[in-house]
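Think of it as A, B, C, D and E in the order they're written, each chain with its own count starting at 1.
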Amino acid sequence: MSTPTITTETRPDSSASGDALTQRRSRPGEVAFRLAMQACLLIAFGVLAALLTWVLVKGWNRLDSRLWTEMPTGLASRLDGAGVQSALVGTLWIISLVALICLPIGILSAIYLEEYADNTRWYNRLLELNIQNLAGVPSIIFGILGLGIIARALGLGFTVITAAIVLSLLVLPVVIIATREAIRAVPQSIRHASYALGATKWQTVSRQVLPSAVPGIATGSILALSRAIGEAAPLIVLGAVTFITFNPDGLDSGYTALPIQIYTFITRSQSEYTELAAGAIVLLLAIVLAMNSIAIFVRNRFEKRW
Amino acid sequence: MSTSTSNAGSAAGSALRRGRRRPVDSTVKVLLVAAALVSVATTIGIVIALAQPTVGFFQQVSIVEFVTGTSWTPTFAQKAYGVLPLVAATLTVTGVALTIAVPLGLGSAIYLSEYANPRTRKVLKPIIELLAGVPTVVYGFVALFALNPLLQRWWPTDNGPAFQNLLIAGIAMGIMIVPTIASISEDSMAAVPRSLREGAYALASTKMQVSTRVVVPAAMSGIVAAVVLGISRAVGETMIVTIAGGLTSDRIVLNPLEGAATMTAFIANISSGDIPVGSLDYDSVFAVGALLFLITFALNAVSIRMVRRFREVYE
Amino acid sequence: SSNNEGANDGELSGEVKVNGSSTVAPLSEAAATFYREVQSGVNVSVGTSGTGGGFERFCKGETDISDASRPIKESEIEACEAAGIQYKELVVANDALTVVVSKDNDWADCLTVDQLKTIWEPNSKVVNWNQVDPSFPDEPLKLFGPGTDSGTFDYFTDEINGEEGASRTDYTASENDNVVVQGVAGTKGGLGYFGFTYFEENADKLKALKVDGGSGCVEPSLKTAQENTYQPLSRPLFVYVSDAAVKKEQVADFVNFYIERIDDIVLEAKYVPLTEEQKSTLQAEFDALKAAA
Amino acid sequence: MNPTDTTIRPGVSIAGVGTPSTGAPRSDAADPVMELSGVSVYYGAYEAVRDTSMPIQEKQITAMIGPSGCGKSTILRSLNRMNDLIPGARVSGAVTYHGQDLYAKDVDPIEVRRRIGMVFQKPNPFPKSIYDNVAYGPRVTGMKVSSMDDLVERALRDAALWDEVKDKLKTSGLALSGGQQQRLCIARTIAVRPEIILMDEPCSALDPIATAKIEDLMSELSNDYTIVIVTHNMQQAARVSHYTAFFTAEVDEQQERHGRLVEFSQTGKLFTNPADKRTEDYITGRFG
Amino acid sequence: MNPTDTTIRPGVSIAGVGTPSTGAPRSDAADPVMELSGVSVYYGAYEAVRDTSMPIQEKQITAMIGPSGCGKSTILRSLNRMNDLIPGARVSGAVTYHGQDLYAKDVDPIEVRRRIGMVFQKPNPFPKSIYDNVAYGPRVTGMKVSSMDDLVERALRDAALWDEVKDKLKTSGLALSGGQQQRLCIARTIAVRPEIILMDEPCSALDPIATAKIEDLMSELSNDYTIVIVTHNMQQAARVSHYTAFFTAEVDEQQERHGRLVEFSQTGKLFTNPADKRTEDYITGRFG
C-alpha cells in the first residue's frame, strides 16, 4: 500500500514514478462494494424470479385449457372443472374499450401540451401540474370517482363501460406523459425544417412529428393498457360483480375481470380456490408480461436515436 | 402556380397577407383543447365525489378528533373516528417497503449503470421494466401464501407474526417497488454526463469513488424522485395490504408483526362490506379517501419538484 | 341433468342481477350454476358488494335480488320506499355461527354465552384462557373474527353482547376467511368465530366449540341448527326480491327455481337447510310476491 | 418603406451599397429584395442583437460572418420569421420584403416561409424517403403540379444530387452521407420555388469535399435565387459571397453581450480593405 | 525501452527531436518524459489511429493539431489510459512513461491517472462546491495533506482563479462562467500534483477573452508541468506550444479513415517550414 505521502509542497519524485505505477494497490473496499451492488441486483431479481416461479408451480395443476374454456362455478364440489372464462373475456372487453377511450384522448392531450400550449400561461401550467398529480393519485380513489360520478351521477351503472371509463381515466396520465416524451424526443430540427418549407402547424405535427413519435407512443400506450389490465382496487370499490357465468355482450353488460376474480379466490379458504387463483394469476401475468415485452421491444427496436 | 416559375418578385410582398383560411388547423385545436380538458374534469370529478360525503362526515365528526384521535372503530358500537391508526399502519408498511426497496433498488441501479457491461445492461434493464408491470394482486397472493408461511416457519421465537401482518405486506410491497426505484434511478444515473465520470477518472478515482462520490450525488434529485414515487406507490397501494396486511384499527399499531388496516385497506374493505350505504360509518370511507388524496398530492408536489431539478442540472 | 317441473320450459333470456352479502353469495352462486344448466340463455350475475352495498343498489332498482346476511335496516327500508321499490324478504338458509379453537386446544370443549361475553364484550380485559375459566391453563388468548363491517359480526355481537357492533376491538379482524382459519389453526390459544360453512370446509384444521345458551352444551351441526337447539348463534340468511323484478319472466323463473332446488343449493353451499316449516313460509311469501306483481 | 432608405449608423460602415454598378460582383445586381432597418432581436428580456440595418440584394449571395454568439443565426431567422417558433423571441425594427413589412399584423408567417426558404446547419432530412423529402414542401403548400415526379427530379438536379440518388428515391433520406443529406435539404427547399434561400452554416457539419460541392451549388443557385448564408469560415465567405456582413458581440455595462453589425460591404472590399479595426482583427485571425 | 530510441518511419517527418539544445524553444528542454512507439488505437475492429511514434518532452508544451476525426483525442486519451473506459477500445504498440510501459500488465491505471492528469474539451466541473471540486482529487487519492484549505487555495492560485472565487468557495462550480469553469478544472487537476497534464481542446468552448487567460495559464504551468494539448486552432498551437504534432486522416482501400501522424517537430519549424506537403496545405488553410 503506497499511500502517497505528498504534501502540498512536493510532488511524486519523477525519476521513481515509472516504477511506482506497478505497485498496484490492493483495494478491498472496491471489491466489496462491487459485490454488494451485484448482490442487490441478484437478491432483488432472484426473489422476484423465485416468487413468480412459485406462483407458476402453485398454479401448475390448473394450467390447461379449462382455465379459459370453462366458466367459474358456484358449486364447491365442482371447482376442479371450473375456469375463469368470463373474467378473461371481461378483461379483454374492458381493455379494448380502454384503448378506444384512453388512447385518443391521451394522445390528443399530449399533442396539445407539447405542440400547442404556451407553457408560460398559468392555465397550461396548471393543466400540466394536474396531469402529473393525477398520475400519482392512488387507484382506489379512482374507484370512488367511478362509483360516485360515473356509475351514479352519469347513470352508467355497474357495467363494462363504467369500468372502462374509470380505468381509462386512471391510466390517462400514463399515456399523456409517455406521448409527450415521445413527441419531445422528435428533434426540433425536424419541425423547423417543416415550417421552413411553408407547412402549417397541424401539417408539421401530423406529417412529421407524430409519425416519428409512433414507437414511443406505442410503447407508452401498451404499458398503460397493461397497467389497466392488472388493476383491481378501483373495481373493488366500483363493486365489480364477482360471480358471472356468461361473457359480457355489450357496453351495458355486467362483467367481472381477472384481477377481481383472483382477489375473490384468494379470500376463500379452500385450497382449490388458492390453486385456481394461482392459475388465473399465471394467465394474467402471461397477458401483462406479453404486452410489456411487446412495448419494450417496440421501444428498443424502433425508437429512433436522433 | 406552375412548377417552372419562381414567384414574381414585385407582387410577392403583398401576397404575404393572410388570405388562406385554414379550417383544419382551427378545428384541430378545439379538439386538442377538449381532450386536454378531460384530465381537468377527472380531477374535478374526484374532488366532487370526495367532497360531498366528506363534508357530511365532518358535520358529525370533529376534524380535531379525526386528525388527532388514536382509535378508529366506525364499525363498532363504540365508535371512534381518529384516523391516526390508519395513517400509522400506512406509514409502517411504507417504512418496511422502503427499507427493502431503497437499498436493493439503488444497489441494482448502481450495478447496472456503473459496473455491468453494456450487454448485461441491455438484457437486464428491459427485464426490470417488465417486472415493474406485475399486477399488485399477484404480490398480495404471494405475500399471503408464499412469504407468510416462510416467515412463520423461520421466525426465531414462538411468538411469531400474525397471519396477516404489516411486515409481510411491507416486504411484498418492497419487492414490488424495487423495479421502479431501480429503473428510475438507473435512468437518472445514466443521464449523468459521461464527461463528469471522465473528469473523476482522470483525477485517479476508483470505480467505487466515481459511483459514490460523483454519479450518485449528481443523480440525487432523480434518485430522490424515484424514492418519492416509491413512497407514493406504497401509500396508495391497495391490494397487497387488503390481502395480507390485516384490518385492526382500534389503536395505533407500530409493530410490523401485527396486522393493521391502512387507509387503502380500510376503504377497500368497507366498500365491499355489509354496512348501510349513506350512513356515517360508510361516509368515513370518503373522509379517509380525501385524506389519502391530500397526502399523495403533497408527495406529488415533492416528486415533481425533484424531477424538475433533476432535469435542470444538465439540460 | 335435472328435472325442473313447474318452471316455464321455454327458452328464456335476459339478465338476473343479484348483489349483496358475500356470506349469502355462495347460495346464489350455487343457484346460478344449477340454473344455467336449465336456462343457459339467462345471464345470472352475483355481486358481492356487501349487504349494505347490495341494498343500496336494490333500493335504487339497480338489482333484482339482494343477498343479505342480516334483515334490512330502517334507513334502507326508507330508501326503498322513497324509490317506490316493493319487496319481500325470503329466508333461504340457516347458518350456525361457529366458535372455533385450535386443534391443539385440549382444555376447552364448551363455552357458555356468558363466557363468550366476557371474552368479546367491549373493553374486555381477558387476555388469557385462565381468565375465562380458572380451570383453563395459563395460555394467552388470541382472538380472530370476521370483518367488522360484516353481517356476521353484527349478528354475533348482537346475540352475545346484546348490541350490534358492541365488541372489544383489539382482535384480528379480516374479510379473508383464511385469516381466521389460519390464525386460529396456527395459534394454540387462538379463538375465533365465523359461519358454519367455513368450519365445515376446514374441519381438519379446526375444532368447533359447543355453546351453552342456557340449556346445556350444544355443538354446531346441521342437525342442531335446523332443530333450532344451537342457540343463540343460529341465524337465518336472506334473499330480498322486488316486485318489479318478479315482473320479469326470467327473474321470476330463477327465483322459482331457487326455491324448488333450495335443498340442493343449501347443501352445495354447506349451510344449514331450512326446516319444512321455513320452506312452506318461503313458498307462501314467493307466491304472494308473484300475485302482487 | 423605401428600400434604399438605409440609415448609416455610427459604428457601422456600409460600403458598396446603393452603387451597384461600381465594382459590384455581378453586373445584374439589382435593388435590395429585403431590407433590415434598426432590427433588434430579443429573447425574453435579453437583447441578443442590436439595431441592425442592411440590405439583401436580389440574386446575390450575402454572407454573415462573426465570432460565435454574435447573433448571426438570430438575424438570419428573423428574415423568415423562424424566430416566431422560439417562445419569448421578439423582433423590433423593420424587416421588409419587396417593401412589405414582414412583421405587419396581417402577414401570414406560413406564406413568408414559403417564399423565403431555409437550410440548416445540421442536415435535417425528414425520416422519410428521398422522394417524399422533396415532395413534402409542394404537398403541404398545396402547389398545383402537373407531375410530382418531374418536380422532384428537377429539384434534385438543381441541387446536384440527382445522379447520386436517382436509383434509390424510395430509400430513407437518413441513409445518405452528410453532404448528400445537406444537398437533399437544399433540393427540398428549392422544390417549393422560394425566392430567397437562407442558409445557416450549411457546411459546418461536412467534410471538405462535401463543402466544396455545396459551395459550387450555391454559386450555381445564385443565378436564380437570392441567398443569405451564415458561416464561421471566412475563407468560405470570401470564396462564395458577393456581400459580407461582419457581426461581433459587444459587452455592455451590465456585462451582457449583445450582437452588433460592425461592417457591411462588398465581399472583396471587406476582406481586402476593411473599414473597421474590429473587422480587420477578425479576418486576420487575431481573435476567434 | 530507451526513450531516445525513436524510429523514424517513412511518411512521418520528425524534426527537432533528440537535439534539444538546437533551436529548442526553452533552454531547459530535457529528455522525453513519455514516448509513443508504433501506437495504434482500435475501437473494436476499427483502427482509429495507426502507428504513431513521438516523444513528449518534459516541461514543454506539445500540441497536437489536425482536422476533425484524425484521432487526436484518441491518442491523447491513450496517454493516461482513459481509453480503458471505452468498451472495446484497445491500444497496441508501446506508450512509456519514464521508461515504464503504461500498458504493462502490472500497471495500475489509477496510479497512471494520478500522475498524468487530464482537462477536457467542455469544462466539466462536478456539481459540487468550488472547494469540493478542487479537494476531490486529493481526497480520493488519499493524499496526506496538512491543510486542505491551503491546498485548495494554492491550486486555485496556480490556476489563476483564486481572486475571482475566493469569496464564494462554497458555491457550486456550475455557477461559474465557462472560462472560470475550465480554470476550475485545471485547478482540480493540479491539486493532485500530477507530472503531466493532458488537455483536449480546452478552449474550444470558450470565448476569446477566456481563451487568452487559459493560454497564459498554460505557459505559466509549463514551468512546473509537462503539458500535452489537442487543439483545432492552429494559431493557438503556434502561440503556446513548443512542439507540434500534425495528424491527418488517410482513407484506405476499404474507404475506412485512419488517423496518421504526418509530422512532428518544433512548433516554429512546423509552422514556418513544414516538411510535408499535407502539413503545409493544412496550415495555410487550404482545407479544414
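Please note the rule applied: a contact is a pair of C-beta atoms (placed from the backbone, for glycine too) under 8 Å apart; a residue touches a chain by one contact, two chains touch by 3 or more.
Please read all numbers here as calculations on a predicted model, not as lab measurements.
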| item | value |
| --- | --- |
| Least step count from chain B to chain D, where 1 means the two chains touch | 1 |
| Intersection of contact partners for chain D and chain E | A, B |
| Pair of chains ranked first by number of touching C-beta pairs | A-B |
| Identity of the chain that, by mean CA position, is farthest from chain E | C |
| Centre-to-centre distance between chain E and chain B (centres being mean Cα positions), rounded to whole Å | 48 |
| Where chain A and chain B are represented by their mean Cα positions, the distance between them in whole Å | 12 |
| Approximate Å spacing (C-alpha centroids) for the pair chain A, chain C | 39 |
| Per-residue overlap in chain D, given as positions that touch at least 2 other chains | 111 |
| Where chain B touches two or more other chains, by residue | 144, 206, 242-243, 271-272 |
| Two or more partner chains touched - positions in chain C | 48-49, 53, 175-176, 178 |
| Chain C partner contacts - residues on chain B that touch it in the complex | 71, 73, 75-78, 144, 152, 162-164, 242-243, 246-248, 250-251, 259, 269-279, 281-282 |
| Chain B partner contacts - residues on chain A that touch it in the complex | 27, 29-30, 33-34, 36-41, 43-45, 47-48, 51-52, 54-55, 58, 104-106, 108-109, 111-113, 116-117, 127, 129-145, 147-150, 169, 172-173, 176, 200-202, 223, 226-227, 229-233, 236-237, 239, 259, 262-263, 266-267, 274, 277-278, 281, 284-285, 288-289, 291-293, 296, 300 |
| Chain D residues touching chain A - in the complex, by the definition given at the top | 80, 82, 85, 87-88, 110-111, 113-114, 117-118, 120, 122, 124-127, 136-137, 140-141, 185, 188-189, 192 |
| Chain C residues touching chain A - in the complex, by the definition given at the top | 15, 17, 19, 25-26, 28-34, 36, 43-49, 53, 57, 62, 175-178, 181, 198, 201-202, 268-270 |
| Chain B residues within the chain D interface of the complex | 1-3, 5-7, 9-10, 12-20 |
